[in-house]
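Below is one structure, written out as structure tokens, with a few remarks after it.
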Amino acid sequence: MKNPTKWAVPLVFVAAAALLPLAGKALPAIAGDYPLSLARSVFTYMALAVSWDMLLRSGQVSFGIAGFYGIGVYAAALSVLRAGFSPLASILFAGIIAGFIAFLLGFVILRLRAIYFSITTLALGEIFRIILHNGGEFTGGAEGVIIPRIISNNSAVLYWLSLAGVLIAIGMSAWFERSKIRFALTAIRNNELAAKSSGIGIFKYMMIAFVATSFIQGIIGGIQLQGYGVASPSDSFSGDYTLLPLAMALLGGIHSTSGPIIGAILLGVASEFLKLKIPYGHLIVYGFIIVLVILLMPQGLYGLWRNKARARRVSRIDSGQASADAAARAGASKEQPRA
Amino acid sequence: MIVKRSAILWTALGLAVVVAILFWKPTVLVYGMQRAGLYAAVAIPMALVLGIVHIVNLAHGEFMMIAAYLTYFAARLLGLDPWVSLVPVAIVMGGIGFIVYRLTIRRALKAPEINQLILTFGLGIALSQTVNLMFTSQSWKLSLPYVSASATIGETSFGVYDFVFVAAAIVLAAGLRLFLTRTRMGKAALAVGQNPRGAAIVGIDVDKTYAFVFALAIALVGAVGSIFLTKQAIFPGVGGPYTMKSFCLVAMAGVGNIPAILWGSIALGLAESAMNGVRELRNWSSIVFFVIIIATILVRSIRERKA
Amino acid sequence: MPNLVTKSLTKRFGGLVAVNDVSFSLSRGEILGVIGPNGAGKTTFINLVSGIYLPTSGTISFNGRDITKTPAHLRAGMGIARTFQLIHPLENLDVLENVMLGFLFSKRMSQKEARRESEALCESLALGGLHREVSQISMLETKKMEIAHALGNMPEVLFLDEVMAGLNSDEMKEMIALVKQLAKDRNLAVGVVEHVMGVIRELTDRVIVLEAGELIAEGPYAEVSKNPRVVEAYLGGAA
């Protein structure tokens, strides 16, 4: 039967996150401006990490998170400045535009596999950035555009907005895991031929994953804009928006919703301290984390926990010596899972 | 033969383009070729690793960057001209490549390809950020007297130093070809690249071959890095675009097809240079390689559909 | 009317012709053997039928419908299923989930229905321990799972690609009985690619022989095994 502890992490997180500002009424230390803005930063990267994982489940590594995030930021900003959208409408618009661009691009790039797909996504971010940089008056050129702070400066409001964003990401990821989509993506990831011979339309499901993931990244970009107020080529397409979510999802545990949540909390908080201690090059930690995790612990922290839980479950459901042996082997054999 | 016909067509088209450029802005041709040389020189070692070890090194550009920094320090602290420190730096880079292979790449070879991708991506970040950490993101440059050498043909004058990149590319291409076809180690490498299991059966030490090839590739791209320093400014992130463009060229050319890399580099170099020559298009020149990738993908998948 | 018909089916890879001008037909209720020496093109043939490869020329039709250009996953949905020779059980999905795939996607069932159907199917195949990882089951169980996975598509046509490989003689006996029963119960059109001639003799009604991509003989096993050209193809004779 379904593993009940699977949803423990997301639920605990959501509860804690929802309660945080309320707790602040009693304990200002927890919910002053700084902790709330730190939390917002964690939520942003968390949502991006979750979305990255959703596509990873199909077996494709995207290095283009920053690209769709930046598209979201710009789409929201320009919709406000040039078309008078309301803040919420601009956020939704951001997601839709990002998703739509992914949809169009998908017809071309979803044929690609592995490194070809990944490098293309890496280049996409650059391409989007250059296009917006050269957009002249309309996009504000090299400096970008500034929107008047429409949503109040109230950090609590921004907090709820960020939380809403990460909830959207978590919600969609959970949907991916509970529905048939999980079967399809896992099958595609493992062996496309076997997937095809099960009636799975590979292109269809990869497109679903690609569009959903880009939609989320666009939404997050739109949300961030409300607090930050600026859309610029260098900031909105910063490589940090690809690097950090990747490291977070890896550390926390890929192929899950809970893993990126854990990773984002750990690294998101750590990142704050790192930035203070190491002015230049604090990103080095993420590089090393990625290398170490992929070599030594590819299943991530949550993956380690999950494998132990699975081994226990198997030995409970199937009785008999043979499966007890199998369970023991399960614990040992999960050393090198596929990323 | 159909193959010959299309080759003739392409050559004719290429010549037409070259002539057109000559009439329009001859310097575009010169600078385009020089660019092409640099791109090819950086791409060829990547092709070596891809063809034999079957791994794409997303940290490829970062190794070039590190070599450039080493060369910079050799110049500033030891007073050595980059051309003098080129060989020692290359050797050091080879050592670094060997260590990186042993510590990281070797382990990832048994893992799925996605793991390898993420690994080299992380490596690249780690390398560039280490340099950032140690030396900040400021860009540094050497001012060497000979790099401003120029020539004049008719009314146009242009810098000629950058032809060293073209020379480097040619030396690399030719040298590699000789190595792979004439030397024992090179032939073993080719065998391993085509069929690792078969090579192992015949008694070739596959792991040692991988280590050697990887180290060699890093040494070679390191050498290019030293030359790079003579003309260009360096900063921690300078390698990134070269990784992407190298990959674009290698992917376009197909594994093991070094001549195609040369042709592709020429196309890329000329295209970028041409766009730089037009004021309105100047800001778009860095997208050219992406257009080439997309075009290649589309053409290939259309061909696959028909097959 | 036969359910699966190929006419002059040919597949070329660059200069190599893997399958050359093969025409055959298969109907529900028959078990057809596909034999031939190594490299004769048997697996390519299955890949063409199931849609993994598109033919260079020739046609395939299923129940009267031309499926030559139909993509593989749609063919699975129509009722053409196959097992894989090099076992590729899908990791990260347990045994039950592997079997559920066909029901979920070819037959578009809900997860609940698919689970029910899969559990029943596995029971009928004497396949238990459904929550184990695929890396932990025995060879025989893996073969059963492969067949169950193919049956999840609720096919009319089923191709078994060297499903006996790696089994001992007792296990083979069990598998032969299983295939016979399945074919009868579900009125399947079965194609069996095998190297073990004993299996072919016991299991099949009719046999086609491929050599270097060409169909060189057709008929009941007893006849075909005496055909001098077939014997020569095997260099010294079949079982």
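By letter and in written order, the chains are A, B and C; residue numbering begins at 1 in each of them.
Keep in mind that, in the parts below, contacts are C-beta pairs under 8 Å (C-beta built on N, C-alpha and C of every residue); 3 or more make two chains touch, one makes a residue touch a chain.
Computed from a predicted structure; not experimentally measured.
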{"item": "Common touching chains of chain C and chain A", "value": "none"}
{"item": "Closest chain to global C-alpha mean, per-chain Cα centroids", "value": "A"}
{"item": "Taking each chain's C-alpha mean as its centre, the one farthest from chain A", "value": "C"}
{"item": "Centre-of-Cα separation between chain C and chain A, whole angstrom", "value": "41"}
{"item": "Gap in Å, rounded to a whole number, between the CA centres of chain B and chain A", "value": "32"}
{"item": "CA centroid of chain B to CA centroid of chain C, Å", "value": "47"}
{"item": "Sites on chain B at which at least two other chains make contact", "value": "none"}
{"item": "Residues within chain A bordering two or more other chains", "value": "338"}
{"item": "Residues of chain B that touch chain A when the two form their complex", "value": "56, 58, 104, 107-108, 110-115, 117-119, 121-134, 136-137, 236, 244, 247-248, 251, 283-284, 286-287, 289-290, 293-294, 297-298, 301"}
{"item": "Residues of chain A defined as touching chain C within the complex", "value": "179-180, 183-184, 186-187, 189-191, 193-202, 255, 313-314, 317-318, 322-323, 326, 329-330, 333, 337-338"}
{"item": "Of all residues in chain C, those that touch chain A in their complex", "value": "50-52, 71-74, 76-77, 81-82, 84, 88, 90-93, 97, 100-102, 104-107, 111, 128-129, 131-133, 135-136, 149-150, 152-153"}
{"item": "Touch list for chain A against partner chain B, complex", "value": "56, 59, 61, 63, 108-109, 111-112, 114-116, 118-120, 122-123, 126-127, 130-131, 133-134, 243, 246-247, 250, 278, 280-284, 286-291, 294-295, 298, 336, 338-339"}
